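Some structures to go through are shown next.
The same chain A turns up in both complexes below, where it pairs with chain B and then with chain C.
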Partner chain A sequence: MVVHEERIGATALLVPRGRIDSATAPALGERLGGALASSISALVLDLSGLEYISSAGFRVLLVANRQAQSSGVPLHLCCLPDKVHQLFELAGFLELFPIHAQMDEAVAAASAVKASGGRSAGGA
Partner chain B sequence: MGLPGCETSSQAALDGDRARARGRLVAEVSIVNALPEIGRVHEPCRRAADAAGLGAGARADLLLILDELLSNAIRHAFPDGGAHAIDLKFRVRRSGLEATVEYGGVAFDPATAPLPERRSSLDERPLGGLGVHFVRELADELRYRRVGDRNRVILTMRTGAVTRRKGSDGRP
Partner chain C sequence: MSVPAHASWWGPADSPPTALVLLSALQHIVAATTLLTYPLLVAQAAGASPATTASFISLTLLAAGAGTLLQAFRLGPVGSGYLCWPTATVLYLLPSLVAARIGGLPLVLGMTLAAALFEIALAPTMRRLRPLFPPEIAGVIVLLVGITSGAIGVRMIASAPPHSGPEAALSPIAVASFALVVMTALNVWTTGVWRIACVLAGTLAGILVSAHIGGDGGPSWPAFAGASDGPLFALPDVSHLGWSFDATLLIPFAIGGLAAAIKTSGSVVILQSACDPRWVRADMRSVGGGVLADGLSTGLSAAIGGLGLNASSVAAGLAAATGMHSRRVAVAIAMVCVLLGLFPAIGLFLTRMPAELLGATLVFSSVYLIVNGVQIVTSRMLDARRTFVVGLGLLAGLSVELVPAMVEALSPSLRTMFGTPLVFGTLTALGLNLVFRIGATRSGAFVVEPQQRDSEWIEARVNGLGAGWGARRDVIERVGFGIAQAAEVLFDNAEVDGPIDVRASFDEFNVVIRMAWQGPPLELPDRRPSAEEIIASDEGARRLAGFLLGRIADRVSCHERSGRSILTLRFDH
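Up next, the complex of A and B:
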């Protein structure tokens, strides 16, 4: 797994590619934790390049979600491939995050939450 | 005399049927009980998936299932530590690809082990058991036997079972 990272204004965009499993989940956790500890106003996780995500990956997402909530940074997801969407469904994680079909939409929604001081209901 | 020859042919056909029933061994690998070892399973697993004609989705499911089974075994089967072998065999059968995972240590049946109750509050949800939940949902068949002092988990991924996955039944 490799993780591409960029900033769009004050929003951090993380794009992991490949597999998130017991070997790679800790590295994703470090990248998410590092981004959330930096001075960002929102975080978007683009999952378009994922082959699959195991239970170790879901644990990392849960920790990141708690950290994001405690630091007041909206965390939105986007672009789930069918396989990844199925795993989110099986894990019961579809309701945990605002999930969007498009990256632009996710960045706009996450940024808007921070700007308005509230939390959006999420999209597709 | 013709009969003995017929018997030989029948016997050969019977042997062939038995061999097909057992499946054709297409890959095997042994790892030791350390998490970084799991990566060594990927190449034989992909090779076996190709030999069985599994699609990309089923191959990804198999890799995920093995990651869950192996990481679970490595974390929990050997509480006293030490180096222990975990053996994997992949066989192509008529129905698809059969993977066998065999290891010693603490007995654990992923097919019937009770899972923690899922709570309604996702933020409070305990994640223990999620890996086993994935294994049960994604494998087309899952069997377990305790053989002597070893665990034997046998799972099958069917060829061409495109929409077989539970939870993908078209519900919104």
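Up next, the complex of A and C:
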């Protein structure tokens, strides 16, 4: 798995590509934790390049979501491939994360939440 | 093929407005003029009088009307349940022409009756033949029907004679192109009556534009001028009724019956998949009923004095393209057939429909058939064996079309068999499928070692098995996830440190996975642990994995015996 990272204004965009399983989940957790610890106003996770996610991957996302909430940084997900979306649905995680179809939409929504001082939808 | 998500899709049991039903029926009839032209050719070959020729056509029409109802309404084992109506077919045309020249119409009727009995005898075996008709072969059949009917359409357009007189400025290709544009535009951008009747509207537009360019205020084709030839109303004369047999013709007619059964199977599969967005495999009961109805239609036609019939693949394509599958249309088609049988002048008008407009109709309906065939083929995973079955089957069928000299070198009886791309391609695919069954297994096993727990490696193994089975791609993806997820949680969260034996079996309806390891069983909770529980401990993560396994598989169980645990995952297929 590789993780591409970029900044759009004060919003961090992380794009993991490949597979998130027990072998790769810790590395993603570190990248998410690192991003949340930096001075960003929102975090968007673009999952368009994700081929596989196991329970270990879901756990990392839940941990990051809790960290994001405690530090007041909205965490939004976007561009879930059909297969990954199906797994989120089966696991009942669609309600736990704000999920968008498009990356631009996710960045705008996450930034708007921060600007309005509100909380992001969902929560662990 | 997915069911269009708009209001102009009508299922077999739906009751669309009467006007829509009549328009659809008329559209089907316009696209099926072989019902009139083929009996005409055979009667002429037999040297029949004009009155007998007219009766031969009328009786074929009446049998087609009855056959339409037999197909659409399932009566016990008879009928496919779909708008799969029969028309005169090239499969019986070639042997019938030979029979007509040798022994006149009685020999045509007798041999057609024999072919019908052969097809009827084949029908009950269709369910047992299911292993021979895996979905990729159904896809090849549908693809061949689509490609060849499209090619025939293009050829009809390209070879249509130019119209005489000053109107000749508008070539048949231009007329057909205009009609095709109208059909396609109405199909893509409209709903309701315009979409349902797009072929009829396109055909009429083609006639009108040509007439307008011609500037004579009416249809410009000379053929239309004679449309009022013949009597307006006439009861069919059955004086030609009689049946004789010739053993030398038995093989070509039996092959015609076999080919008719294969082609009917293809048409029924087209309609099954067009009517059900969740279609995954052929319903062989419906296919068998369709073949039985097809044989009975031909038998009835031969019994009352008409030509052999076969479920029209063009009609199946038309229904798929327009989304009109209502059985009420079958009733209307049957009524129109009876009407045409009793009013020869109307039928005569239809036989003079310009070839380029019939070609445009064929091209239009072939588009949906081609896409439908591709979708059926690609719905399954294909290993090397299945790749050759599909590729060589298609190529064999297309060779008949592309290299006609190959067919011309054959004897007349073999030419009847191999002379059509559909039959040759299908028989090639069926033969290869039989050969490749040698050594093919429906089960598999592998071991996941703790140091080789990579989910990608596991999925690759499962994909290899799925391709060998010709399993559905979506189901195999779930199987791969299930095994990888189970292995991950066993090694990471359940303190399993020995190998996991994985055994997989497949029987077309189920994929069953059994994973066995030395250690405690895996908990499979019905309720997902909360986010807090998952984050807080390994126990939460283990329960999440168990919950996911229960959701990804259709049935799951885990038990322990003598310290060895077995996890069983069952997936519906």
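Keep this in mind: the second predicted complex is superposed on the first by the 119 of 124 C-alpha atoms of A that agree within 3 Å, B and C clash if a C-alpha of one lies under 4 Å from a C-alpha of the other, contacts with A are read in each partner's own complex, and residues count from 1 in each chain.
Simple rule for what comes next: a contact is a pair of C-beta atoms (placed from the backbone, for glycine too) under 8 Å apart; a residue touches a chain by one contact, two chains touch by 3 or more.
Predicted model only: the values in this text are computed from it and were never measured.
Overlap between chain B and chain C is detected when the two structures are superposed via chain A. Contact with both chain B and chain C is seen for A:23 once the two complexes are overlaid on the shared chain. Of the two partner chains placed around the shared chain by superposition, chain B and chain C are both touched by A:66. Residue contacts after overlaying the shared chain place A:91 against chain B and chain C alike.
After the shared chain A is superposed, the part of chain C among 149-157, 293-301, 419-427 or 437-445 that runs into chain B is 437-445, by C-alpha clashes. 19, 21-23, 52, 54-56, 58-59, 62, 65-66, 83, 87, 90-92, 96 are the residues of chain A that lie in the contact sets of both chain B and chain C, per the superposition on chain A.
Contacts from chain C toward chain A in the complex involve residues 453-456, 459, 477, 481, 484-485, 488-489, 491-492, 528, 531-532, 534-535, 541, 544-545, 547-548, 551-552. Across the interface of their complex, chain B is touched by residues 19, 21-23, 51-52, 54-56, 58-59, 62, 65-66, 69, 83, 86-87, 89-93, 95-96 of chain A. Every residue of chain B that touches chain A in the complex is listed here, in rising order: 35-36, 38-39, 57, 60-61, 63-64, 67-68, 70-71, 118, 122-123, 125, 127, 130-131, 133-134, 137-138, 165, 167-168. Contact residues of chain A toward chain C in the complex are 19, 21-23, 52, 54-56, 58-59, 62-63, 65-66, 83, 87, 90-92, 96, 124.
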